[in-house]
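Alright, structures below, take your time with them.
The same chain A turns up in both complexes below, where it pairs with chain B and then with chain C.
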Partner chain A sequence: MTEATRTPTDTSAPRPKATPPRRRLPDLGPLPWIGPALLLIIGVVLWPAFEMLRTSVMEISVSGLARGFTGLSNFERLFGDPDLPGIMTRTLVWVLVVVSVTIFISLGLASLLNAAFPGRRLVRWALIIPWAASVVMTATVWRWMLDGFYGIINRILFDLGLIDSFVNDWLGDPGVAFYWLMFVAIFVSLPFTTYVLLAGLQSIPQDIYEAARVDGATGRHSYRYITLPLLRPALLVASIINMINVFNSFPIIWAMTKGGPGSLTDTTTTHMYKLAFQLLDVGQSAAMAVVNFSVILVFVLLYLRVVDWRRA
Partner chain B sequence: MTTMRSAGAGVRAPSIKKALLTGLGVLVAFFFMAPYIQMLITALTPGSELYSVPAQYLPSRLEFSNFITVWEEAPLWGYLRSSLIIAVFATILVLIVALPAAYYTARYRYRGRLVFLLLVLITQMFAPTALVIGIYREFVTIGDVFPAAGVNTYLSLIIVNAAFNLAFSTWIMVAYFSTIPVELEEAASIDGASRLGVLRRVTLPLALPGIITATIFTFIAAWNEFVVALTLAQSPDIHPLTVGVTTFIGQYRVEWQYLFTSSLIAIVPVVILFIVIEKWLVGGLTAGSIK
Partner chain C sequence: MEEVRAHMTKRFTGFVALGAAGLLAVAGAAPVGAQTTSIEMIAAQYTNQMQPYFDDLAARFMEENPDIEVTVQVVDWNNIDQVVTTRIATGEPPDIANLNYFAAFAADDLLYTADQIVDEATLADLIQGFRDNSKYDGVEYAVPDLASDRLFFYNKAILDAAGVEPPTTWSEVKAVCQAILDTQPGIVPLALPMGPEEAQAEFLIWAGGNGGQYFDGENWVVNSAENLEALEFLQELVDMGCTQPNPGSFDRTSGAFALFAQGVVGMLNGAIFLPGELENTYQSDVDWGVTPFPAADGKESITLGVQDYFFGFKNEDGSNQEAIQKFLSFLFIPENYAAFLEAAGGFLPATVSAGETMSDDPFLAPFIEVLPSAIFYPSDQAAWGSVQGAIQDNIGAAFVPGADKQAVLDGINAVGEGS
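Our next item is the complex of A and B:
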């Protein structure tokens, strides 16, 4: 790819062979075209990031007023909180379990949807529903189905003989609640992941399989030595995007348990939100946000190494 | 590809294999639809039957009138109006901003092009959740100077939604504009079309699938957005549906049937729209990285 070192006026650069017609208007280069987009990104993405960093080292009153520079005391309070190690461990488990189980199941689903069978299109449409639907609303219906007294899941599990009482407060029991939250997070992550892997599968040329079959490879061999290696780019991209989404995931936990009981189902994302808007400790919340932001930044850098973004 | 398979796979086994695959497909489809089926059943359940232990699979009768009474029982019009205002204007703003940027970036190798692309890609990765504290404080500050765009205004929600969806739209439209040969535009201008004429009659129609995908995707993303609305929309009269439905969960009693009639009203249209753009989605969401 050509380096963009030309002057803005030299628009007749390599790929487009000739300069498209341009009359009268003075040439301002790319600014009139990309300026508004830059403005929006700087104003609504970079400014809040900067504001967050600034807030994390300020003393902020309960009413939101800045009382001046306070060094690292917000971070000291954040890391001094006895609940934090538990929240961080849970966040790690949350991301690792949800992403790995999602990828594993999606591999199977993508293979299924890549095969030809009657009704495949309808299955693909069904898979789109959790992707298109609002995550808060999906999480809310799971909360209702998991209701301790009136939830349908108690009824189903009872009828299957898996539990011996109609009353089980799944979401009120911190040990069990977190598993259900992860289950719902996997449920909403599967469609996107499956579609990405499906796109990956469809980009593998069929004649490779033909050749392998001629050479005597069985289905399992083909999958292990052709499909999986060629699916690597799609797998990497799906994993990293999922890690970012799952780490950021707020609505599932918020709609189902609000991080409770106590902070026993909180992740660092919901913890950050509670600090700011329930405990009104904006400084400490900003410190948590800076930590979260740094984690995502690592994922983003990984992503940039993995994808071929310069091709655009 | 599929035709090649079915033609080459022989005659005996396929019908059993296909039946098995279809059976599996039905199970998968049911699993993903199950919560929404339960949503529909609950939405049609009479309020008096919601709270039974053990839960019933189906209500004794279907209360279709729930879909009518919900409009009186809850400020659903208000939520719907807010969702529409936010999603429609955020989408328009994204198109106004992303179209020229994508066109120029696809056509010219300008200085800073890679930096711009990098910036766009990074914004796509950052959901507003991670920045919500900063966003909140920013709009408090803006509101002090310019109340019409501060916290608790539609304008703030429109701007934030537009900014975080700009990236997807820009990427997918850059990809589409890049596939249109420059020669086509040149030929049209030789035939006497003005620059705008070329754009309007040649370029934009050819890029239409990309533009439609960007439009629908932005609309749905803004329609479904939760955390920014929860934070910036404080007064109930500007609550969109996503935040509005959570207010059905009262302290003592939850009007589940109305919560889910409202949810279905919000979900059904966007699922249909999503199916329309399904073919083009993955490329845009993975920033064209899967070739």
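Our next item is the complex of A and C:
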């Protein structure tokens, strides 16, 4: 070790020795190996996060010019906005409902896909489609299917005699629109969740089930006492990744209602975008971003704990 | 030989043309060390014809002024605010911008004054009313590039079938609505687009018809009694089934224009470019007519005038000022300006000279006729950009059942007062 650090000074020696010492860099430990990754993390994670924090305490003019430090006034304006409590509550409902319903349906789908039946491969492939399609595209398709004047859904319901007026503006009424947004969010979350749970199901050894059957366990019993406990790691990972995705979800709401009318179908994510690009208040938007970022951080920490727990 | 090559460069556009022109300058007789000033313009995409227009204009300008390099980037309306503000935030503003507001930039002391960005003759040729709207804090910082105003459009067949004349007052609007509802089920008598796309215009037209405004010269008055009355009147129209449902999520282009083009809407607030849209975009054969906007009973009818702007950004040493002035003055040369208006499609000119040649146009005549009664956005206020965003985002919430309309207006007003 000490010799190695001395070698660079020795290179001034004109004559190579019998076994030339390999010219060595100062001992940097693992730094050369993780350096590029570190640089990448600093460049694309830490620096933007720092800029976000900095912006949230700056006064930014409408034209985009930084006018200097302003303390917590961006946060004061953010929390003083009478619309914010509604947006926060809606975000909570959005995450809880979408994630829990997604998990519930996915459990059923995963069990179905785990069972042997003719055409299983086809069904497995079909389930990938909503996942493979761009979310913006899916949301746009639903936006037009639900359109008040041209939507196919109105047409079908009208022809079935379920609604009496042909014009039925599903996405214009904030109460109804929010349910449709959640429906589409669940629809696009199902494939990923189902596949995570399916992988979980397939990792459960078959002999446990056989042993249980020998001991006289019914199907319901083995599901309750074998499948669910052994599926727990997959369930936790699926819920947390879904929570992060759904919380951050922007395209569904943006493509279908733009958070409107007013802010009545906004979540904190679309609200953040509107603050910056419609109200031209970049400072307040950065404050909202800091709040969102903290929430995500909590989710990520939860995720890391879960992953550790899995390894142990 | 030089001429042949110079001619050939005409066939290329954009950067290729710039590069070729640069090579030519080096290869040709250009003296060593000649200063080349590069300026960049961000222009609004009124139509798809704008980029070809500007490419041609810049190429011809550079032929006359070999020491100036001009690049014009045309950006669509959904993204242009972001492009400009991001450029400013990163310390690289364009040299010229073309937008529908300018005061926020003037407030940050980023702009040249109007007399620095066009020559005297051009400035003198601009219509005075538009020049007055181009001032911030009493100083003229921008020049109007074009303008538009709006009229009340109606579907002749629908009104005829209902046996009514186009309305001139609010109570007549109600009567006409009722007549259409009684005779033609399935027809939307009046399209009311209060969705984010253009709510700031739709609301100001109705509020203005009741004597309301957004800014009274000193204070933001979005929450005035007149404006609240206008909202309440519109709510009555919604409740009687005169409009499509949920005005707050109904946009102008995807909603109102599209339905009018299909012939299922009786009346709407239209703009000067609507007929062009009907013809080209929708290929609609609806037989339409125009009339001034109906006003509240006993109030004056208004029209909404909208003008857009050119303005120039200062750089550190002021070295771009002369190039900006030359290029914009070149744009306002009558033949170039006429081509600009043609590319933009169906707008009112901002210059006296172009106005004179266009006033004979039978299509433009009714729009020019109502221009004296035009009210404008308070675009000379630095906060206007934010207030406009707040109206677009929030006014729709006033039409949700049970909404507190006064609170919605107060919330928007607070955005203006807060800035």
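We take it that the second predicted complex is superposed on the first by the 270 of 312 C-alpha atoms of A that agree within 3 Å, B and C clash if a C-alpha of one lies under 4 Å from a C-alpha of the other, contacts with A are read in each partner's own complex, and residues count from 1 in each chain.
Definition applied: contacts are C-beta pairs under 8 Å (C-beta built on N, C-alpha and C of every residue); 3 or more make two chains touch, one makes a residue touch a chain.
Source: prediction; values computed, not measured.
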item	value
Chain B versus chain C as contact partner of A:A126, first or second or both or neither	first
Chain B versus chain C as contact partner of A:F149, first or second or both or neither	both
First, second, both or neither for A:D169, with chain B first and chain C second	second
Chain B versus chain C as contact partner of A:S203, first or second or both or neither	first
If touched residues of chain A are counted for chain B and for chain C, the larger one	B
Which superposed partner A:G64 touches (first chain B, second chain C, both, neither)	both
Partner chain(s) touched by A:I244 [first = chain B, second = chain C, both, neither]	first
Partner chain in contact with A:K274 - chain B first, chain C second, else both or neither	second
Chain B and chain C contact sites that coincide on chain A, given as residue numbers	64, 149, 166-167, 277, 282
Residue ranges of chain A in contact with chain B within the complex	2-8, 11, 13-18, 20-23, 29-30, 32-34, 36-38, 40-41, 43-45, 47-52, 55, 64, 109, 112, 115-120, 122-138, 140-142, 144-145, 147, 149-152, 154-155, 158, 166-167, 187, 190-192, 195-196, 198-200, 202-203, 206, 233-234, 237-238, 241, 244-245, 248-251, 254-255, 269, 272-273, 276-277, 282, 285-286, 289, 292-293, 296, 299-300, 303-304, 306-312
Chain B - residues contacting chain A, complex	1-2, 4-6, 18, 21-22, 24-26, 28-30, 32-33, 35-36, 38-39, 42, 50-57, 93, 96-98, 100-101, 103-105, 107-114, 116-123, 125-127, 129-138, 140-141, 159-160, 162-164, 166, 170-171, 174-175, 178, 182-183, 185-186, 189, 195, 198, 220, 223-224, 226-227, 230-231, 241-242, 245-246, 249, 254, 256, 259-260, 263, 266-267, 270-271, 273-275, 278, 281-283, 285-291
Chain C-touching residues of chain A, taken from the complex the two chains share	60-66, 77, 82-83, 148-149, 166-167, 169, 171-174, 177, 257-264, 274, 277-282
Touching residues on chain C, where the partner in the complex is chain A	81-82, 84-89, 104-105, 107-108, 110, 186, 194-196, 244-246, 248-250, 255, 259, 264, 382-383, 385-386, 389-390, 392-400, 407-408, 411, 415, 418-419
